[in-house]
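Report on the following structure.
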C-alpha cells in the first residue's frame, strides 16, 4: 500500500530490528524509526557478520542490496556514517543499516562484497567520493574520478564545490595527464606509460594479481 | 495501366555547343564543402538525445547534407559537441579534435558545452572553448532541434565565406611553454577574474 | 573456453499469432515432435591454437556505447576473455551540487541526470522531498504524476528501442520510435514548456496543471501508440536476424541477478518479479490494474520482450489514469512549501514576507532522512536525502539503477563474441548521465 500520513517518529519498526537485537545484542547500537523507515546502527567490527546473517537467515532473507553510500554531516564533530540499504524481496521489507565512523579513527569498514556482488561498484564509488576504505573489497580504486586524481574526495565537506585549484589549473592537470596511462590499467604493464602510474598501482601490476574487475 | 508517358529528358543545348560556368574557385569549393558536412557527433549527455531527434525523421538533418554521421573522427568535417564535458573527458575531446583532418569545424551544442552551464563545480570543464576552438555556439539546455539546425545554417554561412588562400584559419598551434605565446593558467585566471568569463566564474553566496 | 551455439531457424521469421493477435514465441530448436530442445554446449572441436590475447578498446567515444562508456576487452580470437568497464567520463558532481541547493532548486538537476526519464526523476525526487517534509499530495497531483511517470517510461523505452535496433543493425525502428517521442514531446511541451528537461514537479505539487484539452491529446497518443508497438513487434519479435543476435546472450540466472543488484527489466527478464510499483507501492500504484512482465531465460531477447510488454502495460496504466483524473487543486495547501498566490503576495504584507522567505531561504524540513525508490525505466531509482533542519540537504544521494546494472557486464559478456558485447550492452539500457552523475 502506498504509505500515507507517515509520522516522523513512532511508526512501527521493521520486525527485523528486534530480531537483530535478540541475536546480536551489543553489536546493535541503536534502532531509529524515521518517516517509517527503520535504521539500525551496528558495530563496525561485526558488520559483515550481521549482513551475512540477514542475507542467509530464512526468517529474514535480505537478498537484495539497494545501495551503499555514506553521509558526512555539516557538524565537523559528528561521525561519518556509512549506509547500506537492504531489501528483502520475498518478505517485502526494507532496512537501513548504518555504521558510524567517528572522527579521528580510520575510515575503514568491512566490505559486503562477499555477500552481495552488487556492492562492487557501489563501494568503489563510496571510496572515490568519501575516501572510506572497504576492507576485503577485491579491487578498491577510484571509479568516477580518474585514478591519479590527487585533490581529495569530492563529497567530503572540506572539499570545495569548485575544487581546490583554479579551473585553468584543473584543466591543465587533466590535459597533461597521459590519457593512455589511465585508460588502460594492467594491460599497460608493458607500455611506456608504466612509469607514469601511481606507486600502488605499479606494485599491483608487478605482482601480477588480477584485479578482478 | 494508365501511366503517363515519361517526359523526355531535356537536353541542355547551349548555342555555343559547350557549357561554361565561371565562378571563383573559393565559391565552388565552399559550396561543395558546406553542403556535404559530415558531422562527428560527440554526444555525451542530454543534448545528444536532442541531436538524435534532429537526425530523426521529423527534423531530418539529411536536408543539409549531414545524414552521414561520421562516428570516426578521421572522416569527419564538423565536430558537434553535444553535452557536458567533465575534466575526465577533456583529453578525449582534445584527442578526437586532433584526429580530425583539416578543414574542420566545431559546433558547441548546449549551455554545458558552451560555458559549463549549470554545472559550476569541481568536475566540469567550463566551456569546451578552453580545450578546442569553437565556430558556432548553440544556446539552450538542451537546444531544440530547430536551434541546432539554425546553428548548422550559421556554420554553412561561415564556411561559404572562407578563402582557400587564407591558411591562418587552418593553422593549429600548440603553445610551447617556453615561447612567448604561452600563458600560464594562473595568469589566465587573473586576467579573466573581474569579468567572469567561462574560464572562471565566481558568484556570491555559494 | 565457454562458447555459445546460437542456431537460427529461418522459418522462425514467419509470424505466428495467438488468439489475441500477438506474436507467439516458439522455441528456437525443436525436435520432431515440436517440443523444445535445450541449447547445449557444443564439444570443443578446434585444437587449442597457441596465440596471444588481443586487447581492444571500445569508447569512450563510440556510437554503440550509448554515451561515454569505455570497455577494454581482452579477446581470444573473437571471444571475449575479459571485459573491463571504465566509467566516470561524465561525472558532473550532481550529489555535491545538491548539497548547495534548496530542495526545489535540485529538481532541474534531476532532469539532467537520467535525461531519458526526466519527468520520472522529477516525480521521484518530489516524492522523496515530500516524505522528508511530511507532506501529503492531492489526489489530482497523484494521478498527474502517474501519467508523467508512465509517459516518461514510454519515451525512455523508445530511445532504448531505437538505439538498440541501430546497434543490432535495424534502422527503421529508430525512426518510428523517435516519431512517437516527438508526439510525447508535444504533450510535455504543452504541459510544462520543455521537451526534454521538464522540471515538472515541485515539492508539494506540480509546476503547472495540465492545459485545457491536454487529455484529448493524451488519449490520441495512447490510441496511436499501440499501433506503433504492434508494428515494431511484427518487425522484430519473430525476425530471424533479431532472434539470432539476441537469444541466449548475456544470461543471468535469478539468483545472480538479485545478488548483483540488478533491477528493472534486467532483473525481471531473469525471472524475479520485483517491481517497485508492485512491491513497495507509491502514487497509489496498487489501485491500477497492470501486469509486471517477467522473463524466464534472462537473456537479451527476454529483456527485449519484457520492455516491449512494459510499453503495453504503461499504455494500460495511462488509460486508467486518464479515466480517473479527479478535479481539484494540484498543489497542497501546506504553507511550509507552497508559495502564497501572486495576487496576495502583491497586496498583503504577511504573504509577501512569506513569499520572500520561501524563495530566498527555502522551505526547511525537520531533521531526518528518507530513501524513496521508484520504478524508473532502468530499474529501482532511489533518492536518499538527509536533512539537518536547514533548507539544503546534507546529503542527496541518487541510487542509480543503470550503474548497478552495468557493473554486471563483465559477468554477462565474458565467453561471448565481440559482436555480442554490443547487443548485451544495448540490452542493459544504460544512460551515462545517471551512471556517472
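Letters A, B and C mark the chains in the order given here, with residues in each chain numbered from 1 onward.
Following the convention adopted for this analysis, contacts are C-beta pairs under 8 Å (C-beta built on N, C-alpha and C of every residue); 3 or more make two chains touch, one makes a residue touch a chain.
All values reported here derive from a predicted model rather than from experimental measurement.
Colleague: If I rank A-C and A-B by number of C-beta contact pairs, which comes first?
Modeller: Result: the pair with more contacts is A-C.
Colleague: Report back the single chain whose CA centre is most distant from the CA centre of subunit B.
Modeller: A
Colleague: Just the number, please: Cα centre separation of subunit B and subunit C in whole Å.
Modeller: Spacing between the chain centres: roughly 31 Å.
Colleague: Report, in whole Å, the distance between the mean C-alpha point of subunit A and the mean C-alpha point of subunit C.
Modeller: Going by mean C-alpha positions, subunit A sits 24 Å from subunit C.
Colleague: Hey, how far is the Cα centre of subunit A from the one of subunit B, in Å?
Modeller: 41
Colleague: Can you pull out the residues of subunit B that are in contact with at least two other chains?
Modeller: Each of 88, 92, 121-123, 206 in subunit B touches at least two other chains.
Colleague: I need the residues of subunit A touching at least two other chains; which ones are they?
Modeller: Counting only residues that touch two or more other chains, subunit A contributes 145-146, 154, 159, 161.
Colleague: Return the residues of subunit C touching two or more other chains; collapse runs of consecutive numbers into ranges.
Modeller: 88, 91, 93, 96-97, 100, 436, in rising order.
Colleague: Touching subunit B in the complex: which residues of subunit C?
Modeller: It comes out as residues 60-63, 67-68, 88-93, 96-97, 100, 108-109, 111-112, 115-116, 159, 162, 174-175, 178-179, 181-182, 185, 195-197, 432-433, 436.
Colleague: Once bound in the complex, which stretches of subunit B touch subunit C?
Modeller: Against subunit C, subunit B makes touches at 41-46, 48-50, 52-53, 56-58, 69, 71, 83-84, 86, 88-89, 92, 96, 118-119, 121-124, 141-142, 144, 206.
Colleague: Show which residues of subunit B lie in contact with subunit A when the two form their complex.
Modeller: 87-88, 90-92, 94-95, 120-123, 125-126, 130-131, 185-186, 188-189, 199-200, 206
Colleague: Tell me, which parts of subunit A touch subunit C in their complex?
Modeller: 1-8, 34-35, 37, 39, 63-67, 69, 71-75, 83, 85, 89, 92, 94, 96, 116-122, 125, 129, 142-146, 154-155, 159, 161, 183-185, 187, 211, 213
Colleague: In their complex, what parts of subunit C are in touch with subunit A?
Modeller: Residues 55, 57, 70, 72, 74, 82, 84-88, 91, 93, 95-97, 100, 131-132, 134, 136, 256, 258-262, 272, 274, 279-286, 366, 368-371, 373, 380, 382, 384, 386, 388, 390, 394-395, 397, 399, 403-404, 406-408, 410-411, 436-437.
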